[in-house]
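Notes follow once the structure below has been shown.
In order of appearance the chains are A, B, C, D, E and F, and numbering begins at 1 in each one.
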Amino acid sequence: MSGPIVVINPNSNQAVTDGLDRALESFRLQGGPPIECVTLTEGPFGVESQVHSDQVVLPLVRLVEQRADASAFVIACYSDPGIDACRSVSPVPVFGIQESGVLTALSRADRIGIVAIAAASEKRHRLYMRRMGVTSRIAGEHALNMSVDESARGTGTFARLQEVGQALISDGAEALVLGCAGMAVHRAPLEKDLGIPVIDPTQAAVSMAIGTVLANPL
Amino acid sequence: MSGPIVVINPNSNQAVTDGLDRALESFRLQGGPPIECVTLTEGPFGVESQVHSDQVVLPLVRLVEQRADASAFVIACYSDPGIDACRSVSPVPVFGIQESGVLTALSRADRIGIVAIAAASEKRHRLYMRRMGVTSRIAGEHALNMSVDESARGTGTFARLQEVGQALISDGAEALVLGCAGMAVHRAPLEKDLGIPVIDPTQAAVSMAIGTVLANPL
Amino acid sequence: MSGPIVVINPNSNQAVTDGLDRALESFRLQGGPPIECVTLTEGPFGVESQVHSDQVVLPLVRLVEQRADASAFVIACYSDPGIDACRSVSPVPVFGIQESGVLTALSRADRIGIVAIAAASEKRHRLYMRRMGVTSRIAGEHALNMSVDESARGTGTFARLQEVGQALISDGAEALVLGCAGMAVHRAPLEKDLGIPVIDPTQAAVSMAIGTVLANPL
Amino acid sequence: MSGPIVVINPNSNQAVTDGLDRALESFRLQGGPPIECVTLTEGPFGVESQVHSDQVVLPLVRLVEQRADASAFVIACYSDPGIDACRSVSPVPVFGIQESGVLTALSRADRIGIVAIAAASEKRHRLYMRRMGVTSRIAGEHALNMSVDESARGTGTFARLQEVGQALISDGAEALVLGCAGMAVHRAPLEKDLGIPVIDPTQAAVSMAIGTVLANPL
Amino acid sequence: MSGPIVVINPNSNQAVTDGLDRALESFRLQGGPPIECVTLTEGPFGVESQVHSDQVVLPLVRLVEQRADASAFVIACYSDPGIDACRSVSPVPVFGIQESGVLTALSRADRIGIVAIAAASEKRHRLYMRRMGVTSRIAGEHALNMSVDESARGTGTFARLQEVGQALISDGAEALVLGCAGMAVHRAPLEKDLGIPVIDPTQAAVSMAIGTVLANPL
Amino acid sequence: MSGPIVVINPNSNQAVTDGLDRALESFRLQGGPPIECVTLTEGPFGVESQVHSDQVVLPLVRLVEQRADASAFVIACYSDPGIDACRSVSPVPVFGIQESGVLTALSRADRIGIVAIAAASEKRHRLYMRRMGVTSRIAGEHALNMSVDESARGTGTFARLQEVGQALISDGAEALVLGCAGMAVHRAPLEKDLGIPVIDPTQAAVSMAIGTVLANPL
């Protein structure tokens, strides 16, 4: 049997990890790879700044080095922290959820929009997408202006997602990426409400990870 | 239970459809979506020219319209014939294997190389990748210079794949896409031989299709 | 004497063909190539969807193959349907009016705007212009939101063209392309009204076709 | 009757002007605009350096201002000297032969190659094409390494054009632009020899100029 | 001792040269290169049109050729007139203030905004920045709509700079370039007022020039 | 008096810091800002891998936070490690030497080449330059294939620099950036030998830092 896909929540908020776990429940299939969600206990409570993003890199590298049993890794923070470093030490594929979320959205529509949690992340995302070479396909990015924790729990989150989604549609977006690891619960309702594909980036990354495992049957 | 992922071989060569079927065997998981490979009987024996690519569009559209039970479609010809038309009539996601193969490779490496079957396809692929807006990530494309049928069967195919793969690595490729629906059998051995990820585009598209199905649990 | 430039109206609306004929009257010069406008009788009444655009490809290919006397072809539908297929079978140059219209506008101004008939075409045009690699020169595209037939005949068309033209000028457009085969009658008045070059794409394509004929004197 | 298309040779070499005149003979049609080739007597004998290119700008502007009878201007030097300044003072369209040659070649093939006269011009051309925003379509540029005068007269020119043309085809060029005002005599033979379209840029610019005149019938 | 950095004001308005001189006072350090500001007496009173920009090229070339003592040149007009020609004749580095201003701003922020004096210059600047290949980093450009002379003297200039600066920040600018040689006096106050870096392009060019001199100690 | 420009060597090799100190000697001018070179004692002996690059980020952030007296910072490692994090905490400008080196080279030539120390760094540099949006100006990058320490000391370094420089010139480079903090001693001789500008990136960054200090006279 293949090893697990190890999905790492780089912040130390166990509620976020639990949410990931629930969001991936339907991706656990008999005969398919196990999917294990782990919390980076050294991480900050939320990755909300550039320094937060950088401080989790070495702990992520160590975790990747320790989990020699993994068949693939998913770094479940939308900044894709440590993606280059983890790839440089891992013998198995490492997926970042921003990268996977954006690429998956590009398979569903020509121009896509990004829903950020906080405006402060937009520049980080923009630099990353320019580095990815896909900016001609990005219609825009708008922020909910909530904390990660609040967006995961808050009752006003869905209404705000609708507003931001409509703004992105006005910008030309034909599909959306939820720019955060903790909004999967809103994916299907928002897709239904807006009438365009909505991508949860962790599901996108796990789907790609499953693909690499299934392409290598034992 | 969700409907099947319908993988359409747009040419009428049943051997190619059978090969797709075998290549996707490991993607059929209990609890996951059924994967059904069908032959477009109106298609030419191989899609090897621009006219071939265009002549399958309307038959593909009709097939998509008939299969209201599908949960997703995959057009399993590397030219992604009819992708725009099929999407315009389908209520469920439609994946082209070129698009999915390229996007999936971009999740595995910065610069990727494409292995074409015939040199005549390279221009068609180039135009499509420019339309996708991803050309800054393409290291190069080289052709095996074989027919689709020959590449699927021929004993010299693997040696030629090694040669072309090495040429693409010299161009800077850090991952490869097999630019044809019928070379999945060579994927794993070639990946092992070259030491870089090799993507079978039909597996990539089916993996993305599975992802859209699993993200919508019943 | 050189053979005719065959201008093909891919829809079966003879009124559109007649309009093309009139719009090209001044391009028929003594000693220059004859210009013949023909209707693709197999075409739909208007090419207004992706499927319409795809369904005319094979009939266009057959027409091109039959007209061995042509010195050049012009496909007079702004989606440039069948351009790749027709080129692959034609021994003489084949011009698409979108491609020719855009390139000609680029010879008149730095940033150009496109007047679409229907909003549904904008995505098709955008994908085509990205494939052309000229998007850095496109200021925007706006739709009249009329049917092809209506735009060719309707009395409100000019007022709507003025509105859309002004919107494109606000976007930065310094020249316009009329994104349809049937609006040539409005070209000169609109150019006068807006004060910037306005390109009729069929005239642009025919002008390029004449250029290839004259560069090969008998 | 419309005024003449004034084709300006910005160098003072009358033999170049005479060559332009002959190259455009077939573009003079009854009922079409007259085509008049004039020599910029203040110009250098050949425009072979950046300073040469800059020193003709003001004389070009004066000539454009004097020829109020023109229906269009063509600046027949492949550096398109003074194109911005001439456009800023002219009430009628001004075409540069580099711009027109490149755009016309883009209507004939996806990737194009440029044949420069001297290697020293390649950088000037590259900057101009980047400013045009079309570099994704340029396969390469190679120089004949001859003087303008020599290339126009020399018996070895054609053999050198074949060599350089083959090199550009190896680079991926599917059509060529002759990067000089004085090589029209070689256009048709070279096109026949290489089997791909070869564009004479002065003919391309004059063809576009004719198009603007014919689109405004008196 | 190294020769002077010769800063050339291409217009004949001595007040502008004097302003440059004051703006560069703090860049004159003991042991560093002398900085000499000179007026191009052949220049127009202000460089405000394309023809103005072109007419100063040859006088600039002559001035560069005469000043064999210079260790570097700075062309202090935001159109960078004559930059290619001056470089082609100068044995020492030649800096244009637009190029230097933009590159320096790119070292301070991801996306930058340009403050033009007059709307008529925006197109010239846009073409230049596209030629530079940096347009993906440009948030926007807005004009003060003042004459060069007025902007250098007028009391309302600062208020207008604040307005335009705020508009550029709304466009996404994270740093600004003052698109004129004569606004250095407003740099520090505007930077303080807006809270983002503001670059005076002449100071940027002189700083780069100093760098080339200091990297070659005698 | 303004505070010092603090140049941080992120590796713990004091010989590299000493080399930086000597390379910047001529940039210390009376009346100008002091330039202080410091060693990041927590850093690895050389920054030669992605993990090395990431592990210095937090120590760099702490150092930046401690040096409240600095007027600007320069991170003197060609990977620009920690540039985003240091900028996010610093009230004064932070320059990365890759960014500054590349931007400065772009002020000297149209297409530039990068001399890497080790081939393993090329991908990291390429991703960074794509993120910068300047790849259309990059002619190529080649590696010396030496360790940082070896390149700083070794007698064969200059010969290897000549080889690699010539290879980059063949690729079209018109100026070079030395892609390492420790090769300043070779800058002037290499520039003389190759006949094109050679940029030492630390000198470039310090020059830009001096510019920001001098633009704010006390």
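Assume a residue touches a chain if its C-beta (ideal position, glycine included) is under 8 Å from a C-beta of that chain, and two chains touch if they have at least 3 such contacts.
Molecules present, by chain and UniProt name: A, B, C, D, E, F = Asp/Glu racemase.
These figures come from a predicted structure and were not determined experimentally.
Here the chain-to-chain distance from subunit A to subunit D, counted in touching steps, is 2. Under the contact definition stated at the top, the chains bordering both subunit D and subunit E are C, F. The chain with its CA mean position farthest from that of subunit E is B.
The distance from the centre of subunit A to the centre of subunit B, each centre being the mean of the chain's C-alpha atoms, comes to 25 Å. Inter-chain spacing, taken between the CA centroids of subunit B and subunit F, is 44 Å.
One simple way to say how far apart two chains are is to compare their mean CA positions; for subunit A and subunit F this gives 34 Å. Residue positions of subunit C with contacts to 2 or more other chains are 127, 130, 133, 136. Viewed as a network of touching protein chains, the structure does not reduce to a path, ring, star or complete graph.
This structure has the following touching chain pairs: A-B, A-C, A-E, A-F, B-C, B-D, B-F, C-D, C-E, D-E, D-F, E-F. Every residue of subunit D that touches subunit F in the complex is listed here, in rising order: 123, 126-127, 130, 135. Of all residues in subunit F, those touching subunit A in their complex are 49-51, 53-55, 57-58, 61, 82, 84-85, 87-89, 124, 127-128, 130-131, 133. By the touch criterion given at the top, residues 110, 136, 174 of subunit E touch subunit A in their complex.
Contact residues on subunit D toward subunit C in their complex (touch as defined above): 25-27, 29-32, 93, 95, 99-100, 103-104, 106-108, 132-134, 136-137, 187-188, 197, 200, 203-204, 206-208, 210-212, 214-217.
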